[in-house]
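Common to both upcoming complexes is subunit A, partnered first by subunit B, then by subunit C.
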Partner chain A sequence: MEVVPNKDPQLKTTKPPKSMSPWAMARRKFMKNKLAMISLVYLIILAILSFLAPYITTVDISRVNIGQMKLPPSSEHWFGTDTSGRDVFVRLLYGGRVSLFVGISCTMIILFLGVIVGAIAGFFGGIVDSMLMRFTDFVLNFPFLVFVIVLNAILFGKVGGVGVLIGVISLLGWGGVARLVRSKILSEKENEYVLAATSIGGRPNKVIMKHLLPNVLTTVIVQATILFANMIVAESALSYLGFGVPQEVPSWGNMLSASQQPEVLQDMPWIWVPPAIILVFTILAINFIGEGVKDAFNPKSFR
Partner chain B sequence: MLKYTLRRLLGMIPMLLLISIVVFFLALAMPGDPFSGEIDPNNTDPEYIEEMREKLGYNDPIHVQYYDWITGFVQGDFGKSVKYKIPVSDLVAQRLPNTLFLGIMSLVITYCFAFAMGMTAGRKPYTKLDHFIGGFNYMMLAIPSYIAGVFAIYFFSFQLGWFPFNGSVNIAVDEGTLDWWLSKVYHTFLPALVLGAMGTASYTQFLRNDIIDNSNKDFVRTARAKGTPESRIYNHHILRNSVIPLITFLGFDLVSLVNGALITETIFTYPGLGQLFLTSVQASDYPTLMTLTLMFSFIVLVGNLIADILYGIVDPRIRID
Partner chain C sequence: MSITELNKAQTEKLLEVNDLKMHFPVKGGFFKRTIGAVKAVDGVSFDIKKGETLGLVGESGCGKSTTGRSILRLLDPTDGEVLFNGEDITKLTGKRLRDIRQDIQMVFQDPYASLNPMQMVGDIVSEPIKNYHKNRKGEELKAEVMDLLTRVGLPEDAYYKYAHEFSGGQRQRIGIARALALKPKLIIADEPVSALDVSVQSQVLNLLNELQDEFDLTYLFIAHDLSVVKHMSDRIGVMYLGNIMEVANKSSIYAEPLHPYTQALISAVPDASKIGQKRERIVLEGDVPSPENPPSGCPFHTRCPKAMDECSKTKPQLKEVKPGQHVACLLYE
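Take a look at the complex of A and B:
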């Protein structure tokens, strides 16, 4: 018998090529999506600029400056000044802070409530499911804007500022997410791995948290982007109508509400056009990112 | 189908009761008195106020107050407006035609644009025109309706001067004449366009996708094989099949019209129910506020119900649930 010498050391060290995890595959697909990447970069820059606003600008935005009212754009005031003499560009940055913060907080709370209710209803089924879903239907049947305005009118002045708006929007907005998560969990829990996890004695909360939720996460992420865009629109629309964040807090919606005065609308477009454009771009960017994420997690699409 | 519809209708009753209870407690939680429209504001004599409060049932237990309010409401007695000093039912009757007119006109605009764009895009998919329509719709979805409204006023009313930016009709014209109706259409066109643009995008994309789906079906091949002209295939055979799923959108349109009317009517200072609602919140006009909130909830409820029933008609599998 001949002993085969181990001549090729390289052969031993080369491992079989490691296959990519679904997350890595999705990330790569997302990175290739130009539109989504540009949108993401835009959003990140916007967020950084907004959150660093107090450090990059030294202008006091809360002070009314009578000497500099309604100035058109110039090198000193890039986007001009508004009817109270405040710099529009600086207010835009501060407004982004509020608008993005409200958007993110509402999205987070809505996802939290919606996922919990949806997961519990879908996993346990039976009476728990029908009770929770009747309650969800009940919440969904309120006309959203009408009740946000009424609740805001009640709570305004009793509890402070932006928090009221976030709370009210979140309280009325979680129904859609709950329905979606429930339907996903319903189909997902029929799989054998859930049966296995339950039969080795996994408690329901552990089965939901460790086994079911990671599998519905992609749906939740896509839903989160849609929600984020919707919440920014809701905040700005409410503020525009005068029922959103308090008037003295700069937000994109509050800045836009200046356009309700005909002379501002007609003669001073620099006051209301910048927040309008930045708002539309932000929503477009979020939509593109949402489409990109959806596409990235879709195993059937090859782009 | 009848059984399903009846069951859904009956299921609406507890929902309505619950919503009315919520509205009632919200009104109680608001600062001020829910029935203060009845009390003469110039008479500040505490004895008079106390007497009126007793007469109006202020000092009754809450469930009695609720019962009085809801029985009055069902019989069409909505109370008296604090701000306008007239019964809320009259106020609603004044404003309702305007909102209805706006809603119907915006629906007509939605349908016109959606059918024109959806049919063009669906007939020639993946062409330049289709991509243009797709991109246009993407923009429409991203622009919030109030921003669209502000821009519409800026360009069409102020820069071009084509349309008025406020009101619902020219007051100088006599009611009921042809001029009056024309003036109404002229005043309502811009708000209706903005409101209608909201739904157009989703309608168009849905119609386009459905037409593309249907154009590969067997009945289309049969029609082509027997020599039917292409335009007839698209305008008759395919369109008839693609329109059926669209009717389910009608229920949701009712819901979005409620939300849209609030914003659009405010921007255009259009005297409809949405504007009345906002002014009643600002003026703490509780009777009006409660009536309108309940009315809007009712519309949303009916909208969801219509959507569900139409779904049941289009897709029979849903009825079993």
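Take a look at the complex of A and C:
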């Protein structure tokens, strides 16, 4: 239920209206966490800037301009230009698009797969549980890096774009979430309200969707933020090594890989420092948000 | 007896439990083989007539709750039958099982764990109705739920609140409202007041009594507190280690308990009217044996003050020793 804020300034100091859902209580607590709120605002601004990049600048990001290579920052090129003469600032914005998009889509797919597998395994138990969990172990045992490199080598030039990367990362990454969700469901289903949900005629899918998942969701949300940060790091790391998104697509990891050349690393910090800084701040911000969400959902605040 | 009389006698019994067994397998070893079983309920038989309250007492771990849950099929019993209105419900599946759950509802023990913390009270109480009657919704459903809430003694604005905003006693009222929502015939109350303060216990018990008259309910009342059971029940069944030891009317069981275990239990109840007099307490020696490896013969013989040689060999069956008083003890063979 929505809590209507009281307009009267005198009454603002009195106790908050009583009936609040656990969600509303968590939201209120989260809003009071300054670090998390600053991080959230930073992330939202970053996302808006990145996704509106085509409308903010008119510079063609893929065009190589030999006449303007390796220029230091100036009023024309805020962060200078890189070794191919492309504007670093514009590439940073476009890079954010790719990095955030890869991070978000991987997180979504991983959560989707992980929650479904974990919830079914945890709720039904027995042989269903054993089979799903053995499959999860199997997936978890794939050597991530080797698999990505090999797949990319096979698919190189055939299937382009970031889709391959998202698919590969997601398919290899859902095991941890599945395990986490399963263990949470296992402990949560011992509560009598789950028995009650069955005894009042709820079918298994309804018991899972309406009773178990909402109570597991808090853990999943916290896990999602960590996952989001990890996925951005994974994308950057793979791109830095040259196995991530294709070279011509700007991403923070691809921009960082320029620093593999000694002369860039030593003499042209404007090329690699901006993506490094923005990457660090983004990861930090996501982690602060995750920490804030975790605090907000601390079970001691309700029950 | 004419056929109509016979039918009447059968319909009077709302629930009949025959030799119900619930064994939980114990798995062990490398391949998770079944290496034993915890015999939580090991051949329980009783019946409940329409409109009465059967109290089920026993120490913790004796299988009371398991019996209750097997009747509702929250657990699948290993063996035996549960006849509800003459129909065996132990083998039902799917839609028939869901249908039968409309008539049997449960009030749970822990008011803190039995309500979903993420749901509004209104949603908790209306959910059973939504599960079975898809056509009832909107204002009509809301009015119905409000009615139920007021009936169990909660304010109407409880509808929009969450379980964490209520005290233990009020939460138990919410649980009762949820159980009433489908207008069931039988309510299994699984230690409904054992988690509450004594002052609140009586309020909830009185509410259950009032509702019984109003909604024509039959109760299976599970408890370990003898005074609570005495207050609530018409008849009382005493359980020990997964077996029923004695079933009788409340008056006869308190006046003249026949089974040695019942005698020991009753002697442990403090009686305010006999203050100053010396109480004759029967103190039982030893511990309850493990249900994984119950004693042979009579399960109680290891602690029974009146045990005979034969008790360790023959398992006594429930027999009507006095009118309406069934006892499982070789002393009365």
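One rule holds for everything that comes next: the second predicted complex is superposed on the first by the 279 of 303 C-alpha atoms of A that agree within 3 Å, B and C clash if a C-alpha of one lies under 4 Å from a C-alpha of the other, contacts with A are read in each partner's own complex, and residues count from 1 in each chain.
Definition applied: contacts are C-beta pairs under 8 Å (C-beta built on N, C-alpha and C of every residue); 3 or more make two chains touch, one makes a residue touch a chain.
Only a predicted model underlies this, so the values are computations on that prediction, with no experimental measurement involved.
In the superposed model, A:22 lies in contact with subunit C only, and not with subunit B. Looking at the shared chain after the overlay, A:48 reaches neither subunit B nor subunit C.
In the superposed pair of complexes, A:211 makes contact with subunit C only, with no contact to subunit B. Annotation for subunit A, partner touching more residues between subunit B and subunit C: B. Look at A:193: by the touch rule set out above, it reaches subunit C but stays clear of subunit B.
Within the superposed three-chain model, A:201 lies in touch with subunit C and out of touch with subunit B [touch as defined at top]. Residue ranges of subunit C in contact with subunit A, taken from their complex: 69, 72, 74, 98, 101-102, 105-106, 108-110, 112-118, 120, 127-128, 131-132, 157, 160-162, 164-165, 175, 178, 181-182.
Of all residues in subunit A, those touching subunit B in their complex are 137-138, 140-147, 149-151, 153-154, 229, 233, 236-237, 240-243, 256, 259-260, 262, 265-266, 269, 272, 276, 279-280, 283-284, 287. Chain contact summary for the complex, subunit A toward subunit C: residues 1, 18-23, 191-193, 195-203, 206, 211, 214-215, 302-303. Of all residues in subunit B, only 15, 18-19, 22, 26, 29-30, 138-139, 141-147, 150-151, 153-154, 158, 165, 255, 258-259, 262-263, 266-267, 277-278, 281-282, 289, 292-293, 296-297, 299-301, 304 touch subunit A in the complex they form.
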